[in-house]
Amino acid sequence: MVRFLVTRLAGMVGVLFLVVLFTYAIFFALSPDPAVQICGKNCTPELIDQIRTNLGLDRPFYEQFLGFLSGLFVGTTYGTGANAIDCAAPCLGYSFQTGQPVLEMFEQRFGVSATLAVGAAVLWLFMGVAGGMLAAIKKGTWFDRAATGAALGGVSIPNYVLALVLQYVLVVKLGWLPFPQAVPFGADPGQWFLNFVMPWLVLAFTYASMYQRLTRANVLDTLDENFVRTARAKGLAPRLVWRRHALRPALTPVVTLFGMDFAGLLGGAIIIETVFGLNGVGKMASDSITKNDQPVIMGVTLVAAFLVIVGNVIVDIVYTTIDPRVRIGARA
Amino acid sequence: MTISMTTLEAETGGAPSVGVAPPAPRQGVWHHLLRNRGAVLALSYIALVALLAVAAPLVVKLSGWGPYEFDQSAIDPNLGGLPIGPLGGISAEHWFGVEPGTGRDLFARIVYGARTSMLIAIAATTLTTLLGVLFGLLAGYHGGKVDQVVSRVMDFLMAFPALIFMIAILSALPASNRAPLLVLVISVFGWPYLARVVRGQTMTLTQREFVEAARASGASGWRIVLLEILPNLRSTIIVMTTLAVPGYIGTEAGLSFLGVGVVPPTPSWGQMIAQSMSWYAVDPVYFLLPGTFLFLLVLSFTVLGDRLKDVVDAGERR
Amino acid sequence: MSTTSTGHSTEAEAVAPAAASAPAASTSRGADPLLRATDLVKEFAVPGTGGLLGRADTFRAVDGVSLEVRARETLALVGESGSGKSTTARIVARLMDATSGEIVFDGEPVTHAKGERLRRFRSDVQVVFQDPYSSLNPRHTVERIVTAPLLYQGRQVPGGTRAFTQQLMERVGLDPDHHRRYPSQFSGGQAQRIGIARALAVSPRLVVCDEAVSALDVSVQAQIINLLRRLQREEGFSYLFIAHDLAVVRQIADRVAVMSKGRIVEQGERDAVFDDPQHEYTRTLLSAVPRIRPEWERARREAAAARAASGHAEETAKQTEEETT
Amino acid sequence: MSALLEVEDLTVTFRTAHGPVDVVDGLSFTLERGASLGIVGESGSGKSMTSLAVMGLLPPTASLRGRVSLDGAELTALPESKVRRLRGDRMAMIFQDPLSSLNPYYSVGMQIEEAYRAHRAGVTRRQARKVAVEAMERVHIADAARRVDHYPHQFSGGMRQRVMIAMALSTEPDLLIADEPTTALDVTVQAQILDLLQEVRRETGTALVLISHDLAVVSEIAEDVVVMRHGLAVEQAPAERLFSDPRHPYTRALLDAVPRIDDEIGELRAIDSIDVVGGKA
Amino acid sequence: DGGSGSTASTAGGLEGEPAEGGVVQVLQNADYSYLDPAKGWDGGVNNFYRLVYRTLTTPASGSAEDPNEIVPDLATDTGTVSDDGLTWTFTLKDGLKFDNGDPITSAEVKFGVSRAWDPEIGIGSPYAKQVIDAPKDYQGPYVSGDLPTIETPDDTTIVFHLKAPFPDFPAVASQPNFAPFPVGSGAGDEFLNDIVASGPYTLDEYTPGSVINLVRNENWDPATDEVRTAKPDGWHFQLGLDPATIDERLLAGQGADVNAIAGNLQPATLARLQDPKYQDRLVDWPGVCTTYMGLNTTKKPLNDVKVRQAISYAVDKAAVQNGTGGTMLADIASTTIPQSVAGYKEFDLYPSEGNTGDVEKAKELLAEAGYADGFDMTLDMRTQPKLQAQAEAVQQSLARVGIKVTFNPIDTSKFYETIGTPKLQNDAAITGWCPDWASSASTVIPPLFDGRRITDKGNSNLGQIDDPAINSAIDDALAVTDPAAANEAWGNLDEQVLEEAPIVPLLVEKVVLLPGENVTGVYSSPGVATGGLDYTGVGLKDPSKG
């Protein structure tokens, strides 16, 4: 187990390093001169050079990259003298647009993304897994057809279209819900719920459809397993056969997928946040892309990748608790 | 993006079992597929869109308006450029109505948009399939170090917040010709999902005795891979590919929606949806048309992939 | 040279008993054996151990195995599951490299043979596997399958693919008209014949049969055993015959080697091993074989003989006769 | 008093894409309490379907005609819920492949307990666990008290099959159906399992149906034997009669084909038909 | 006839005087660039700065008689100039305080202005640096210390020494970077998320990208301020909203949205305003920013004036207007100086029927230039719906005369960098220009057409026209001290330049707003909010609502 964890973590660090290097290199090569951005609307070539020197942009790639790396661990100071900006470890750089440290920006927006992700995840797990299970037991019935049809539709409809249609119906026409705004839970739990419920629904719908299909297929496969036949041969009640013997193995792949999807969402649901104007990480990413705020894009990419990788490791660890074969045979 | 990358794998259920399979002869698959109503409908719609896409210039000659021609007489300058007439300006002249602001013919733009969507999705699918199969086979067959390297690269690509990164790259790169770039970027992030499945199956197949038999017969590594293993991946590849197409159609639409799709004035469905979104209340036809076309195309490919998978699985169980 | 002129072991006289146990037994026979393996060792890394740092633990699947197969004779390798039989077979067939040890084929060392030498070795040594379906590529037709070895060795198919395939199929007792069928369109026994046909395609001198009949039904098993025996008689092959079913081994082997936990614990002429097992493990193995009670057997044979005498013979014979070409 | 198991004119039909197929065709036999019956036949002859039909576990695409009664109760006429209560209690079954037949997610102890508790209302976990340990001891699993918490993949093939037997025996059923219980096992382990089955029968008086394609295996255990081919019982007789005086040509052929360890080295009598298992294609 | 824009404008106001109290809701898509007035400088943030910062002078309130005028703010008047035009002296009012109660003296004003020279902070309005004399290597107070060319003889007097006479200096003194700063403060990132308020409001909460909350600055004395009424108790800015959602909310006007104001409506929303219930809160003002297409005169064949004139004739401005949202959102332009800016002169050198372009004339000119079969050219463009529609309209209309326009789509963030770098600039680009103050065209003509201002980077003379005649005419116009005479000079200069056709004026985008029904005090401010809503006068009819 310990060895497994160590190997896993070492792999994770390796992948993260690759992500950092790759991202940094790409943006180093592609992005327009940040000095020009900082310099603003009316700017002279001398001023640009001045800014480049101050930010160390005139140094070679590897030096800048090492600087960035060391910033992650020990922090950095941007600029010199009175104008120096301290960026404490882990420093992901600071926004050329707003001058804010990227990590701070991230922290400010993470709440919204997390709320979105958690709420949607609860919904989609419920809808997807329960729907998939029911459809599998009732295979061939009208319920199965309806649920499977809805899931097919769900994976096919772009969520921005769905978002708009829902907003038009629920908010504009019926007035049941407000236009979504990121109301903090602490401020007013009721409003918080009303404001988030539509984004949750939209976000959850696509995933729920996917999970429904996956769950249904897995459960059907598991029902074909010999050990389910054994359980039936023992004379167990159908519900028990179901719950105990069919579901647990069937849900294992769902867990893997969930880990990745959820971690991915924490890194920002870019379209939903943009469509609903919720200031989460995804919105921040798309805004910074529009403004070409390179350090922010890079920061978001890194943190999002970090979350996905950590998510994977967590899934692996969770696996060891749900699947005894992995638990004991850390060697598997 | 409508469909996250992980879907693909989920839909095919990770690694479908490699049956000790019957030939599953081609005509058998067709024969069973054509008996399924859903599959037939899906195929017909795909065929229709493909036909429209291929014959776009001809079709547009028939309908009378090109995709880039402005028709100022069809819109009302005093109402923000809203199409004149009910249903978004649908008329004998403009079969699907016109685009607000420009008066361009929506039928022509949808037909040409089909070109873009299909072309990009199919090109991306081809490229991902090539990459995915190649690397999947490499990793699965050789195992050991090769597998380690390929698997790490896949982990790395899959760990990336692909959408954010795609947008960032696409918006940063010079964009005179976006379509190949889109295909490239989509493929770079897409192949690991196929490769993972191919790798898994190759690993099981490599354990099978016929591989050993081939080796005992003196087959070299690449011959085993190409002549012995690859044919057994056929159904997996077909199914995965069919299921990948709707994903990429969705991805293209999503990227276009976020403003990094194909270069205007070339129409694409995603771009049309993005532009039509603000008009949904006043010109619902404009909003619904590209959305419906897209929805149906994605749905058709998904249904087709699903049914194909059923047929192939059933064949393998036989 | 062996005095055994056919694989028909009933005729085989007892040979020098010196061949009894482990280390290289080559001295007992004047001539060189067709294949000689000396001191084979195979270690596998235990998966999951080792990792980034440190060496993986190893596990010895084959631990100092020496054996030899003589021309036109059948050496059977028996032992329980996991004793290292298949691993030994793979090493001998050069499908896997031994950790240490040496293999000599037809007087030439082939342990590390490469290129042209390995190619020749490949056409001299062929393998028939346990699971007939698994060992045949489900996506290839019989034609593809049986000509594959020639293709892989870059040789011409003598007389054209079709004719060659049909002639091979006839030799193993398959309907030549089925040459375009896929393996799944055959029964297990038929599929196993395809596997044998593939081995025959390159006219090998040694055929390694790794549990070639274990997966088959009794009746089908009998057909295949008969076929293998017939081919040995006709073509003069040597077999390295791996099995866990001692009853089958008794039927086909000239000599027997018993493996346990990666080692050969007993080796000798068939009847010597069966009638007078020296090693405790061999005795356990023998006693575990299920048997039909001898008195029932006797009664049945008598009844059969009686029936034959009373004229039912024709009918029965038709039903049960070994099918031949 | 009626026999323990009576099967009368049992026919199992599969609905397939190419029309209905009878895989068991008019099979009848009876089994007395404590007796043992062997069913032999080549692969695909319908042995497993027969046993599944008795247990009421046929796949959904199969339908059944004829009559199966256990201890006078006509299973084929009972509602599923009633049959379910008999299953695992009065009649139990063990399957060919012990690894896939055990749920990898639960400890073997839990799986045995579960079988027991399903039919003993009000049994505490503790009691059930004790039964599980005892059952495991009875099938000679050393250190049962500790191993009860292990998972299937931690056992060897023979031990898994023992666990399956322990599970089946935990409720002391009247009837035990063993469908090819030793096919996946080594000869030595096979011998142990066969001994174990004999021992269990002796000790508990459970009637046994042993299914195998290996005539020698059946001959060691069964008192009566049914020989099946293509879904039909071609011959049914007490073991001694069947083995010493087989009447049906197919039975004879089958017996001739068995390789013998003791003598008779020579051409084996094989059944002359390329299509013996032709049904597979 | 080019004056189609003048009719549509509403004076603004919406019935009723603002009452004291309440919170104004501002719905906005983008966050403000910077809270620091030395860094930020665009129509939106300048408007916001007026709520929290005061400068020496400031544009008049939107409700003033002449909203284009520059009026005193911290200073008692708009400054006194020396005879040589090189020295400007301002006197501060009494009783000025920061939000913490500290008095505002000339030292604080000087300190604030001197921050403009800091290379990293002073990235806002460039005028202070351009016109005020300073040591060559001066880099702001944090690096170089005191700036000797600004003198503060006493607490209320501040004297600026200029490099050259600049009659518009009062307008320069209204730029955001003339806001006072406590001496020594504001280095590095100190004012990233905070402000030192001198105006009527101060910052209560700021979550970048989502929320800005302003509350009253208790130390602001209304008696010292003639521009701001500051009736509401606070301002609540909701940032990062989707433009379509903003419109939906304005239309729906639920809850606190009755107190909401926002930027321009989307074209798609216009068709929904026909309902009379929206008509009386609809605001429709002419704009001050000209949308034009620059023609790179250094590239062949655009170096030929005939070709440029042909393009000027050929462009279908009506189509461009439709793509922008039709007549409600844009007026067609034929001049560089928009109508609402002082100096506007009405003329149309390249007229056509219905502004759809004169294809005949264009073809004629092309033939004369030797391009009867047309030619290929590349247009730099941004892939945003409106800008894309404009580019597509131009592409279509030029196709009529055989000119094939290829797009070079550039990401929005890189657009100005690309077109502002002559090395990267292609044949043409569509962009806009807003004057920095509306009291004179001195921030329209020189930056766009002065050949001596062409720089390697950050160039705004997209035509790259460097005509000695125009250059000297610009010098002359800048030197005119009489405002009326100066305005006339600019107007004539505009016409003179367009004869050369270095740009094609396309449109002046209008301001179309739909404030919540409880909002009043709605006036246009050409000077500070580029023609948009002036925040300083806005208030609520009934503070208890919403």
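As written, the chains take the letters A, B, C, D and E, and residue 1 is the first residue of each chain.
One rule holds in what follows: a residue touches a chain if its C-beta (ideal position, glycine included) is under 8 Å from a C-beta of that chain, and two chains touch if they have at least 3 such contacts.
The UniProt protein names, listed by chain, are A, B = Peptide/nickel transport system permease protein; C, D = Peptide/nickel transport system ATP-binding protein.
Being a predicted model, the structure only gives us computed values, none of them experimental.
Novice: Common contacts of chain D and chain E?
Specialist: Touching chain D and chain E alike, sorted by label: A.
Novice: Computing the C-alpha centre of each chain, which chain sits at the greatest distance from chain A?
Specialist: Centre of mass proxy via C-alpha means gives C as farthest from chain A.
Novice: Of the pairs C-D and B-E, which shows more C-beta pairs in contact?
Specialist: Here the pair linked by more C-beta pairs in contact is C-D.
Novice: Chain B to chain D: how many Å between their CA centres?
Specialist: So the centroids are 51 Å from each other.
Novice: If you average the CA atoms of chain C and of chain E, how many Å lie between those two points?
Specialist: The computed centroid separation for chain C versus chain E comes out at 91 Å.
Novice: Compute the distance, rounded to whole Å, between the mean C-alpha positions of chain A and chain B.
Specialist: Between these chains, centre-to-centre, one finds 23 Å.
Novice: Please set out, as single numbers or ranges, the residues of chain D touching at least two other chains.
Specialist: In chain D, no residue touches at least two other chains, as defined above.
Novice: If you look at chain C, which of its residues touch at least two other chains?
Specialist: Counting only residues that touch two or more other chains, chain C contributes 184-185.
Novice: At least two partner chains per residue is the criterion; list those residues in chain A.
Specialist: 32, 172, 274, 289-290, 292, 329
Novice: Would you mind writing out the residues of chain B in touch with chain E in their complex?
Specialist: Listed in rising order, the residues are 68-70, 72, 75-82, 100-103, 171-172, 175-176, 178, 259-260, 263-265, 274-275, 277-279, 281-283.
Novice: Applying the document's contact rule, which stretches of chain E touch chain A when the two form their complex?
Specialist: 29-31, 33-34, 39, 41-42, 118-121, 123-126, 139, 142-143, 187-189, 192-193, 207-210, 238-242, 245, 248-249, 252, 254-255, 411-414, 416-417, 455-458
Novice: In the complex of these two chains, what residues of chain D are touching chain A?
Specialist: Listed in rising order, the residues of chain D that touch chain A are 55, 57, 84-89, 92-93, 95, 97, 100-107, 114-115, 118-119, 151, 153-154, 164, 167.
Novice: Quick one: in the complex, what on chain B touches chain C?
Specialist: Within the complex, chain B touches chain C at residues 19-23, 208-210, 212-220, 223, 227-228, 231-232, 234.
Novice: If you look only at chain C, which of its residues touch chain B in the complex?
Specialist: 90, 93, 95, 118-119, 122-123, 125-127, 129-131, 133-140, 148-149, 152-153, 182, 184-185, 195, 198, 202
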